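The structure that follows is given in the form of structure tokens.
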């Protein structure tokens, strides 16, 4: 099973937020605006239903509809990657088949995230599911939420399973990701993507293929430019652009008190910029006026209009 | 919203395993045998789709079918509690409505288990969902899997939400559960149930209402007798019966290498006893012959036939 | 190597706070008062330099002096157990030798707590140290602080090492402690003590030997009476007395915001009761006036004078 | 209090292993060879008594002697940084004074590592200790061992305390370190060093000041060259040299089964290379023959003689 895009996948992939009016209602116009916005910004792909997309909080009906609409709006201009992570394999498979039906290009999966698997169980699981997958698959390492760090050697073995074409790592542990990449150095086709935008530039400069960075919902051009500077080894430009990314990371994402601050801040900013509604799925609620005011100030300090 | 059973609920509730032929096929005959087996053993309720029921690994179709069949087989003889935990609230609600439709008596929910909530977020979540719940609800504290310990004070506040009628705690931290119970000492109607069977007896003896103990799938009478001994403060009998429970806990549940050993051992034993198939849902696989032989030996050392 | 007290050790052991005027100055008079207070309250032993004793925060000079003075004040009336936990084995050994020199009766050790050991490494470590220990040794399971849960099977094997005579478990996971006790059921001489006072009564009633409970610094008689009620299977009295313990646990220990609340609250209460100074060793500081007022109110709600 | 070296400190600092014949005996000749080896390799400093130096497992006598001998052997050729981390502040202070007396240049401290502090407690602790410190101090973030992640904002505030001159981060979370560095972007004198050698190159290229890398005990020149390539933005050379570092990281450090594999592998390799003995302090033991053979093979596959 080969992807219909050239491998490895390179550049910035936007992990789309799921624009919501309320817990169970998509902001369809917002979604269309968001997709046009990120494509205009130059991203090389979109990733639906990742952590930033609140996949775990969304009903299957909404997830399915979100895949359908996104594929429709993207119109094949860039690859569409679809998160199918679930605690239940059958539901992952259902989503995978929906994704294939609607024209998506690849799938992304985390380890099951209620029960914690041992590494051999995890490898066996990946072997079992790939037999049934209708599209190529990226592995998604996200230990904060799944409780499991996919061991470098497990990734190495998983990479031998036909159809598994890359990894997205959101551990923020770059030593880990570098180890994984080293173990797979004879696999130039295997894609290595990094989640945390704070380390995307250096990762790309040292041979990583790109970033799946939440901030690329708001300011896709910034992240695309940063990727390009890194790919070109233009360190001066990298330093300049990364400073903006760090400013975002230490302001917009850190207004609230809990782990949900990132999501709430990102959606609040998208709403202030005029892209889409800032509704969140349960168990989270959008920011209230005081936090919203702080996000507005953070955007202004960023001179955000120049970033659009 | 009042439950149709007297409060607090007392005694042993079997957290039913979900008998499976394979990942997505129920062993319907096994389920019927299992339900007759536990009712014959004297349990005061069944809990469907808990951790022991592998809820998180099952498709919604299977979960729904399992609720329907279980309610049909139970025929109102004892209360049926249904786990509706999910990372997505809408799916929890869907399951809750199915449960009500099929005649279940109460619901059980953990905190959302992909995103980790802060305590105020958790309380707000519980307030939000109860408005829509068709049946009374038990809170289910299961920090190993959900990453969240529901703080004693959060439980105390949640207990004021109409319709929330009890807690099942599977943290194994009895100091915690005792603190919770103390904070709610003016609520004689609120049910306190403990998951780990290794501490059920002392918990009941000191005022706890009962246990939701996995072993009560295999040997319901043993756990019911232990409950009775504890409720009667018959310590001699408690010691004797608890020794059997500890033997089970340190043999049948500890054959494998990973956290899944408990589930695999329990299902393997049920299959050897002749109750139901030992299929597991992904990401887990049933024990192979060598482990199965160890479970068989463990059963024999238990003189398990006398426990049936 | 046999202890000079009968085995198993039974009853309440006070894990003494280390009375401090400031970070590095003992409150010697306070220590003498404290020791007379707990002996008058009927405790069966004192445990110096445990977690409640802030051992890890104290200089070796202070630790050594504290052992010397305590042994002097106790005058052989009850066994003196001395915590020798350290990240460095040689320092543990130094403390052990001091303890023997000053007339202590037994030693208590946690796993090394900077580097995390594997279970085989831990067993090997215990084998290695026992060869050099001048006194019998209790194992101390304290996973919150040491990051290591001593596996039940490791305890079982450690119990075969000559000189290792018991375990103090502060995990609050009573299922674990029950498993350990079950695995050692053919060792009637091995002592099982529980740290968290919230579960001491049920543990003793079901065959545990006693508690090493911080509250027994303040109100030794309460814990001794509770132990006796449990040992006598007098459940009515247990319930009554345990209610006081739960009131302490949910008030005095929970005034601050961090894990240090227990220590700060306990020392503050001891100071208010007139036993000793409430200085803490770095990195902690005593409560300020507002928290102190809350502790005072909590003591009054307890009618604490009746407990003395 | 100003350091006697120019700030920020730049380049590779070797976190010296502590050469041991056995648990409590220094390999003095090995230490002298080691120091000559790393200075000849071009490192800009040595860091005594860090995690790689097994500080937590060493008696104070050995620690003190190790500081004395190291300062003597270094003879002022490069800065000597001394780890004074301890669970007890007074012992940290004792070590600090020894370090000053023997002619060391700076100190390094982790948060106290038995009790876990809240962030405000940690900041207060740092303020308290700096008043008494005889030398400038680096903060050392090492959450795996200390259980505490020093929050970016805590570092920012700590950096205002006179005498605190830099941070060594061993979290491997480069997103975190980048955030810290961004928050302190107006402090060009503050030193940022990274522990994990797998990410040193990219960190330096993007503005980090250097690495405190365990591998620089074995092959100091490799790490110095990699640092230089990164500082010069010579990406081609960086890629080439980093490949060697990744080979070391995925072979020599990963022969054992536990967290101690890194230490055991590093010391074993140093012994095979002929630098020093491979004794370890309790609770760890040196590798046996089978593991030693694997380390030897790993060294050969590295063509290690070319790296010396």
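For the reader, a short list of remarks on this structure follows.
Letters A, B, C and D name the chains as they come in the text, with residue numbers starting at 1 for each one.
Basically, contacts are C-beta pairs under 8 Å (C-beta built on N, C-alpha and C of every residue); 3 or more make two chains touch, one makes a residue touch a chain.
What you see is a predicted model, and the numbers here were worked out from it, not measured in a lab.
Minimum number of contact steps separating chain A from chain D: 1.
Of all the chains, the one whose CA centre sits at the greatest distance from that of chain C is A.
Centres computed as Cα averages put chain B at a distance of 34 Å from chain C.
Put simply, the C-alpha centre of chain B and that of chain D have 49 angstrom between them.
Judged by the touch criterion defined above, the protein chains form a single closed ring in which each chain touches exactly two others. Inter-chain contacts, as defined above, occur between A-B, A-D, B-C, C-D.
Interface of chain B with chain A (complex): residues 23-24, 54, 56-62, 87-91, 94, 111-118, 121-122, 124-125, 128-129, 145-147, 257-260, 281-285.
Those residues of chain A that touch chain D in the complex are listed here as 152, 172-176, 178-179, 182-183, 185, 196, 198-199, 201-203, 205-207, 233, 235, 238-239, 242-243, 246-247, 249-250.
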